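Look for chain A in each of the two complexes below; its partner is chain B in the first and chain C in the second.
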Partner chain A sequence: MEQRLSDPAADPHALQRSTLRGNAESIGFAIMVAALVVTPFFTYPLFLMQAMCFALFACAFNLLIGYVGLLSFGHALYFGWASYLSAYAAKAWGFTPELAILTGTATAALCGLVAGLLAIRRQGIYFAMITLALAQMMYFFALQAKFTGGEDGIQAVPRGHLFGVIDLRNEAAMYVVVLVIFLAGFLFIHRVVNSPFGEVLKAIRENETRAISLGYRTDRYKLIAFVLSATLAGVAGATKAIVLQLASLTDVNWPMSGEVVLMTLVGGLGTIFGPVVGSFVILVMQFKLAAMGEWVLVIQGVIFVACVLLFRRGVIGEIANWLRIRL
Partner chain B sequence: MMSDDIILSTENLTKEFAGFTAVNGIDLKVRRGTIHALIGPNGAGKTTFFNLLSKFLSPTRGRIMFKGRDITAMAPADVARRGLVRSFQISAVFPHMSVLENVRIALQRSRGSSFDFWRSASALNRFNARAMQLIDDVGLTSFADCAAVELPYGRKRALEIATTLALEPEMLLLDEPTAGMGHEDIERIAQLIKRVAVERTVLMVEHNLSVVADLSDHITVLTRGQVLAEGDYAAVSNNADVREAYMGVGHD
Partner chain C sequence: MFEILGIPSSALFGQLLIGLINGSFYALLSLGLAVIFGMLNIINFSHGAQYMLGAFAAYLLLQYSGLGYWPALVIAPLLVGATGVIVERLFLQWLYKLDHLYGLLLTFGLALIIEGVARNYFGSAGLPYIVPESLQGGRNLGFMFLPNYRAWVIVASLTICISTWFVIERTRLGAYLRAATENPTLVRAFGINVPRMITLTYGFGVALAAFAGVMAAPIYNVSPQMGSELIIVVFAVVVIGGMGSILGAIVTGFGLGVIEGMTKVFFPEASNTVIFVIMAIVLLVRPAGLFGRRG
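Up next, the complex of A and B:
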């Protein structure tokens, strides 16, 4: 025991370990960027763009569950409503794609603020239930409202011209835009987690009572994290609407909320790369198994159970633990 | 000017749990700059009383005044911000953060930048020097980079005190700071409390009577949620009621 507690300054491996940590993240990031730059030459760019949108969605969700310890079971609300508003702004109002995405994002931020104010004081399962209830309420609203197009959704959304100049019907141009948005969102989340604010979030997750006794008004920090998470989920949903030229009920319904939980869990809660890997794994699986119809759901269920029982840390979490690094 | 001397007072402070009265009409006055000990058998209501003072529980009745202001309806974080900071009977640290990070969290709160989500965490390095001073004060210098969870119990308490002191509170509430500690640790913590109390007020629950005798200027004895006796160590230890209730020694 005393041995392990010896002066870290006298431990030559300690410094090495901490630089390795930083490096592991940089290397992981380089690999991710390289893969996203190279793969469109080998597979369907549309699939990759969709996957990046879901990856950003999962990263946004992970900001809340992985770094604050709050389980929102209604994140489809922000993804889906951002998707609707982005699609509607582009189609009905003729907004340029960047303004359409901003419109969708702002919608998600606003919904996040309202839902956050209602839910943030609740703990544990009550928090999850309130977020789910609010999301279901907004699902029924989407079902009834005229502008959402009901069962049809909003189809044939024009991709338009970025800044009124770059034609996004060009697949390469669209790909670059999505890649930039995804990477910006990813880096932003990384920064939030590794900021003075992120340090307080960590403290709240570790011991909220103690954080309060040190004078932290913890509800405010949780609310800000909630709104940031909803906003980023909105960026993902709004971008998705432009990419797939579609916003539909699928985006706001509860299975979407469940899917983002699954993606994050498979990749690794509270790891920075986990949600990205998790969403790619799930989407590739859905794509490959599409012919099997309903069986996909069964297989997803099995994966979910396997993760909970056997690989609690998820793919990235297990790797990081095995290599004793942070990813 | 007498009332200016009182930093904290309670009037008829009462807490009932589903019919059971854990704290029963306590009137307590703590003088500024003193070490005030709260003693009494297990279940006397000491921790509940601390929870009321720090607003982790709301009183059923009664009033709490701190620095001349009624804090009875204040939120716990705001009480801490006014300078009344507590420690916990079960040691409270941030387990998977290093000793340095634990102390920095407190410094960060009192010195700003807690909401900065767009800045790098390296902005917190400006607190390192002050944090290391505080860590040194409690004898944890060589543990600065250890995760708090790896510290032995006594050192965890020391870390908790360093974190509390980082807020430079005017008044500390310490709930059994030496409980579960070995002889050496008790001595170190007692010396530390003595040192920090020079410029602050301390209200502490303590079972170790030699620590109480050594440190406290004033003692309040609680039993069954009520004040049994008050005074300095000599007065309290010679009080017949106290001897009966606390030490099991009957009236002569």
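Up next, the complex of A and C:
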């Protein structure tokens, strides 16, 4: 029958591996944390902070596609609007960074609730089209609204003092804050995916009709997952606005939605580390190829095609499959 | 001149005309999407890019071979349709057994490639394409001025839409297509070459998009991003209409074009978003779409 979107490596040795699995994930997590602690001494911290924001964004997106099988093609809505509100709160209202990020996150959660209520009324391909259309609608609102600054965006957002005390203009302090936010988001998603709630989500991904017949109100589960994903995308967007001191139309437009799909696809749909690796790969690529102008778009397109045709498990999915573990 | 609801009739009918023009493109593109989805079970995200390719093909034919609008209207869809056939053979045919979403992702990648290449060679600024001589000018209908070219676009797209509906719903070929949509294995058992039919269907759907692109060239400028914003609106149109019915796609396309045009008259700020708002309302009231089946 049809191959499902994720977890193509399901095999009969799952029981044997389940003891290995916890270990592999812990080791992977340790490597990731070590890398994120060491690398700022060797490369641009600002780039790493940006990459962690996108990594969290991709992890949030992966929560939906990887574990519920729902392809949202409009995640720029939550990322971008959280970014706008966070920037506006910090700049116009003079909020401290943690309150600004909370404002942005709350906006994304609210948008996610409304969009989720509409989008989960349809399945599969329609779900993707609806989320894309709703995101485009909110893009036009961002384009027309006064407070977003139109084409200019909101620039020169003050980083401010965390809790009114710690000056975030200090790059090291900012880095630690972003790292903590990213790791907290990552662990939260890991917890959700491995909870009983997460098991129901996976059941919906595998066979929604059967989950309904077992008595689960799948629409509620899907809605909660959607709101969680939008909220976490909002955390990422709001943090990004403080780090880069900028919120712009790029964050809320459809290519951003496509980019997060690409990051997750490259890293591996439905793997816990895949979106992190994918977003770093894509960002490094954009950084290195920045001089090539529009060819970046073409290269991204080629990666999409190659991933779908040859490489559906993504980087982490292939490694996990090769080592016969789950990552 | 007279007024309707405080709006001069020329402005009102002018916007109605623009609405019908936009509606023509919504109808042609959503028709193509519906035909492709029916046979391939793939949402063709590159539809907008292929529409743009049609416009560029017309532009290039004029620049480099001196072929004008009328030859382009035939040649461009054939050329772009042929690239569609190649795309189906090279890429799409490997996806039919997978989740539908992979088709969306692959065609999204194709759209990025096509748009990126076009931007590299032609920049982001629009290129002009002149209205063919035989359709220049217009006529005064008393209540408004009707440019000949715009009248032609509406008539041509209605003709193409209705012919497509006729072929699919009322001819033997259409019966094969509909049967193959329901049960390809059984249709193959009757000795019909279903894979070839699928390839040609994709080619036809892509050619429809290119045809719309050629018709759009003299109205909008020819530019690399002309397709990507349009395709998202067309997705909303498809969600509103549902892809179950060919006639539904046509009616929804024209209807939404007109509603959008009227919004420009009465509430211009909402003209960009009105179709998305309607989509949200339809989802609340009739989740399966106006003409759709639950899915």
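Going forward, the second predicted complex is superposed on the first by the 311 of 327 C-alpha atoms of A that agree within 3 Å, B and C clash if a C-alpha of one lies under 4 Å from a C-alpha of the other, contacts with A are read in each partner's own complex, and residues count from 1 in each chain.
We adopt the following convention: a residue touches a chain if its C-beta (ideal position, glycine included) is under 8 Å from a C-beta of that chain, and two chains touch if they have at least 3 such contacts.
All values reported here derive from a predicted model rather than from experimental measurement.
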Just checking: does A:169 make contact with chain B only, chain C only, both, or neither of them? Give me first, second, both or neither.
neither
Touch test for A:324: chain B only (first), chain C only (second), both, or neither?
neither
Touching partner for A:288 - first (chain B), second (chain C), both, neither
neither
When the two structures are overlaid on chain A, which partner does A:209 contact: first (chain B), second (chain C), both, or neither?
first
First (chain B), second (chain C), both or neither: which does A:196 touch?
first
Between chain B and chain C, pick out the one touching the greater number of residues of chain A.
C
Those residues of chain A which chain B touches in one complex and chain C touches in the other
4-5
Per the touch rule above, chain A residues touching chain B in the complex are 1, 4-9, 14, 191-192, 194-200, 202-203, 206-207, 209-218, 221, 224, 228
How about chain A: which of its residues touch chain C in the complex?
2-5, 69, 71, 73, 118-119, 121-126, 128-130, 132-134, 136-137, 140-141, 143-144, 254, 258, 261, 265, 293-305, 307-309, 312
Can you list the residues on chain C that touch chain A in the complex?
37, 43, 91, 94-95, 97-102, 104-106, 108-117, 119-120, 228-229, 232-233, 235-236, 238-239, 269, 272-273, 276-277, 279-280, 283-284, 287-288, 295
Quick one: which bits of chain B touch chain A in the complex? Just the residue numbers, please.
54, 56, 75-78, 80-81, 85-88, 92-97, 101, 104-106, 108-110, 113-121, 123-124, 142-146, 150-152, 163-164, 167
